[in-house]
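Shared between the two complexes below is chain A, which pairs with chain B and chain C, respectively.
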Partner chain A sequence: MKKDIVFVQGNEACVRGALYAGLDFFAGYPITPSTEIAELLSEHLPAKKGKFIQMEDEISSMCAIIGASLTGKKVMTATSGPGFSLKQEALGFAVMTETPCVIVDVQRGGPSTGLPTSGSQGDVMQARWGIHGDHAIIVLTASNGQDVFAMTVEAFNLAEIFRTPVILLLDEVVGHTRERLVEPKAGEINVVERLRTSVPEGTDYHPYLPREDGRLPMSDFGGTHRHNITGLAHDMWGFPSNKPDVVYGLMHHLVDKIETHVNEITRIKEFFVEDAECLLVSYGSAARTALHIVKNRRARGEKLGLLELQTLWPFPARLVRERCSSANHIIVVEMNMGQILGEVKKAVENPERVFLANKIDGGFITPTDVLNFIRITQGKGV
Partner chain B sequence: MERRRIILSGSGGQGVITAAIILAETAILYEGLNAVQSQAYGPEARGGASRSDVIISDTDILFPKVVQPNILVCLTQEAYDKFSGLIRPGGFLLTDSHYVKQNEKIDARQIELDMYTEVMNKIGKPIVFNICVLGVLITFIKLVNPKSIMKVLETRIPPSFLQFNRDALDLGIKMAENYSAKVAG
Partner chain C sequence: MAVKDYIRKRFFPHLWCPGCGHGTIMTAIIRAIENLDLKKNNMVVVSGIGCSARISGYLDFHTMHTLHGRALAFATGVKLSRPELTVLVPMGDGDACAIGGNHFIHAARRNIDVTAIIMNNNIYGMTGGQYSPLTEYGDLATTAPYGNIDHSFDVVKLATGAGASFVARTTTYHVNPMIKILEKAIMHKGFSVVEVLSQCPEQFGRRNNIPSAVDMLNSYKTNTTPIGSKEKEKNPDLIERGIFVQEERPEYCAEYDKVIERASKGR
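Presenting the complex of A and B:
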């Protein structure tokens, strides 16, 4: 038996990825189908001298990880739709205060308490626009345990690099399916550590003055430098300001620091894309079904391909436009009513070639479901 | 190898999900195969017809659910009535005769054994019923090696219970062998 191979759920792959990335602090409130993440971390995090707190609710969990992050810790919380809704206000605070943190949303059927034990991908737009105010955000997803591990590490890295909350959007099927995970060895995946200021004690530290490369070195709150942190629009000192030039600079900084780095943030997987006449675009658990079909149909000589998105936001519009350019049909496979469909339609030329293959009844989208949609687009009927 | 699409079903508490996890984990850790396991998480997981899907293959497994099993195990009448219609024509269907009355109209190789009664008579611990079922299953269909199953059990079960599990696995293997010998003889 090889020691680095384990048989675990996607949720456990997330836990292992978080520990690999150096998670120090987790605060959460258990909710199906994310509960295994909290359950496992309650055991493993204290064992490596980290802190695990089961909070009284999701709001306080989100607030707790923000506080811990500001003191210099790598932090995460995990939840599902109803809890993710509750976290939005504090998530906005993390965006405004540029606090690195990772929020895992293992999606289930919604709205409200919805379908606690069923898979869904209904939170894609909530992850993008759940909080008020103009902003940019990073949202990652994954379709299998191995990718969940890698994307969890990636989420921590991007949170540090861009000083932003990163949302890891999993779903019930990926979270609960048990499969093989080959645990990467230390050093195999790059782990980004916090960029701390080199400003010495007694010298003015500007917490919100970006360097030339746009990054903002941090100073552990309660440590060397006294500074202010507020959800109000603020100046480079972190003090509230409503001066138009200050607000303008801040808003542009918050959006541009992410939107101008789309290429750096984009993670995709491509399968037979180049000569695909019918190109499927999918992500998360639905991408498993999509790839199943693509591989089966390729074996019969049909020119199907799959573009699997692992970064959902910022949406890689230019890349999607380019990859879709020569396909006759583009079929977005997702378990919602077309949340990424709209983005693909916006991105491509001739959006009338883009169709939706979806499932929203709580069941997992099957190869037959998708094939039926493909047949319709080909004029063959079901 | 032919891809094995397996559904293990019964009622909550019979250990069908544990058996599914052990089977899939054995395939991955000790047989060099690929496997995925998933289960119904709804209210049916606590009583009613509980179900766990396992796919075992030597290639990548993408779609993780079982739509049409070629191997089906039903340990209650309710599970049998609910899932027996799913089986792939000509598939293998195992039931426990203590709990299930089979319907002759199912197009499958149906085998029934009184596993529960045997476990209670020979071992006296209902908790190892699922391991006996696994023993029967892997003897009829070469999925994994029994020794590999014991290796997985050693990592999951307190040492004081290991012997009961070993006995249950052996009991299942013998029941399947005796059945095959009787049919052949």
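Presenting the complex of A and C:
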């Protein structure tokens, strides 16, 4: 059977994944290197009766998708560094109001305007802690077009399952690299639909009362249950409350609903991890370089392995500790100054085994760059 | 139906101060909706942050109490994804014209079918009386102890210039005209703006030698005049009230339907 093979940018793989997952509504603002996502959706969404709108800024784009999500639609926005900063306010609103939505951040060099056309992985911590207040968040990433497609679908699924915003942290290299994408057939990847309340009209509906399995069924705006959504601390009806017991319960719910499901949310890829003496830990486009080295060196008999993280947050600390337990050296390969390095060091025993192989000058991290770091850890010099 | 059939008792007592004009506006909105016989399940109210914004919680519709200044952006998402819903956006003057100024002019430019109600009390009330973009030159505020040197927006001109296809002004003194204007604004197909002058005796009046709500209301009677009246010719300082703009123009969601139609045929 002929497969649906296309040759597309990572940004387009993201668009195709979003449409596969049932995207209904996109709001965005032009910003390099994510703009292709908006351009492509402005073409494809109307064709399936979906809605596309180019808003006046990044702030309003984020607000608009939340509004649309509350009417029962699957929604997404896409941006990069400076725009991601602007979205933080409304992202916090989505966390607080438990509104499913997907935010794509195609990372570029920062801070500020930085390097608009260069790859970077500098937003890992902003994705985790960009909004004010304690909270938990789901952040996914991908290293190639095929995985971008799959992780985009995952992002929509996890947003619905956990009633939360999900950040898809791509980067300029992945977003702009054209490569082969085998488009999954309908049904090949599971697509999670919105869980709606079965409470009948006239019966009190609690938008923030979890079921036994922890999930919170929703009711669409414009449907039969008229409820209130607020960014204030609120009770199970969505009414503002500053009662300590209500606030305590809300805060724990917002964090626990994600942090206690780390295993369910964690997506990883493993290459020769089991007997690796030197284990690389990487993600996103940097993992492409890491994988190249691992395959290359394995062919020469060197025991290198790669643990590729596709879920960055909640950080899979237990899994990382377990996978790193027998390696002599652990080298975190990333294009920032050690944002995941710190998490790996926190997770593993004997963190003095953990080293950083990075690149922060706007260039893409190459196998030679990483090999030089490996040689240093092995006492061989560069 | 009675007013109480449109409110959520669970939310009461409300937090507005004695003498505040915002409750009068809420009642007028309810009366307009009742007169138009709109179904509660089809009504969405999206508000921002501030005294005005609390109105959303009190009303028994689909309600969103969102972020400061961003109500129109959220409302745009609601309306574009479900155009059959009636969307009201009550905002404060700081909410709509300062932090939300950009969203305000762009919603007007798109002519999306949303009714923006600017509850203008000339002050930031909830934070304790700081000057807003609608505080007049020379007025006193907690952040203008020596008098305000900013010049205020004229909301009617701002909305008109930005492309709103329905623009009106009224006051909390003129309750019956306010209800009629709100009815027309809600029924208008396009972006409609209704500025309502609303007294804030607590944070504005007290600092500006007009501490009584009754005196403030009377000032709306004496300082305003219907559009085009002879009084205005005699006294140009009078503030005009009534409907300034009411035009049929292509509405955003209807225009988007044309995009869908074109897309279905291919480019």
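Methods note: the second predicted complex is superposed on the first by the 379 of 382 C-alpha atoms of A that agree within 3 Å, B and C clash if a C-alpha of one lies under 4 Å from a C-alpha of the other, contacts with A are read in each partner's own complex, and residues count from 1 in each chain.
Following the convention adopted for this analysis, a residue touches a chain if its C-beta (ideal position, glycine included) is under 8 Å from a C-beta of that chain, and two chains touch if they have at least 3 such contacts.
Predicted, not measured: the structure shown is a model, and the values here were computed from it.
Peer 1: Should chain B and chain C be called a clash or a fit once both complexes are overlaid on chain A?
Peer 2: fit
Peer 1: Touch test for A:D24: chain B only (first), chain C only (second), both, or neither?
Peer 2: It touches chain C, and chain B stays clear.
Peer 1: After superposition on the shared chain, which partner residues are touched by A:G231: those of chain B (first), chain C (second), both, or neither?
Peer 2: A:G231: touches chain C, not chain B.
Peer 1: Kindly classify A:P46 by the partners it touches after superposition: chain B alone (first), chain C alone (second), both, or neither?
Peer 2: In the superposition, A:P46 contacts chain C only.
Peer 1: Kindly classify A:S60 by the partners it touches after superposition: chain B alone (first), chain C alone (second), both, or neither?
Peer 2: second
Peer 1: Give one of first, second, both or neither to describe whether A:E89 is in contact with chain B, with chain C, with both, or with none.
Peer 2: A:E89: touches chain C, not chain B.
Peer 1: Of chain B and chain C, which one touches more residues of chain A?
Peer 2: C
Peer 1: Under the stated touch criterion, which partner chain does A:T177 make contact with: chain B (first), chain C (second), both, or neither?
Peer 2: first
Peer 1: Return, as a multiple of 10 degrees, the angle whose vertex is the Cα centre of chain A and whose sides reach the Cα centres of chain B and chain C.
Peer 2: Computed from the C-alpha centres, it is 110 degrees.
Peer 1: I want to verify one number: the closest Cα approach of chain B to chain C after the superposition, in Å.
Peer 2: 13
Peer 1: By the touch definition above, which chain A residues appear in both interfaces, chain B in one complex and chain C in the other?
Peer 2: On chain A, the chain B and chain C contacts do not overlap at all.
Peer 1: Sort out for me which residues of chain C touch chain A in the complex.
Peer 2: So the residues of chain C in touch with chain A come to 8, 10-11, 40-42, 44, 46, 56-57, 60-67, 70, 72-78, 80-82, 84-85, 102-103, 106, 256, 259-260, 262-264, 266-267.
Peer 1: Could you pull out which chain B residues touch chain A in their complex?
Peer 2: Contacts found on chain B: 21, 24-25, 28-30, 34-42, 61-65, 67, 151.
Peer 1: Inside the complex, what are the residues of chain A that reach chain C?
Peer 2: Touching chain C: residues 24-25, 27, 43, 46-47, 49, 51, 53, 55-57, 59-61, 63-71, 73, 75, 89-90, 93, 221-224, 226-232, 237, 239-240 of chain A.
Peer 1: Which residues, counting only chain A, touch chain B once they are in their complex?
Peer 2: Within the complex, chain A touches chain B at residues 1, 5, 7, 32-33, 117-118, 172-173, 176-180, 285, 288-289, 291-292, 295, 364, 366-368.
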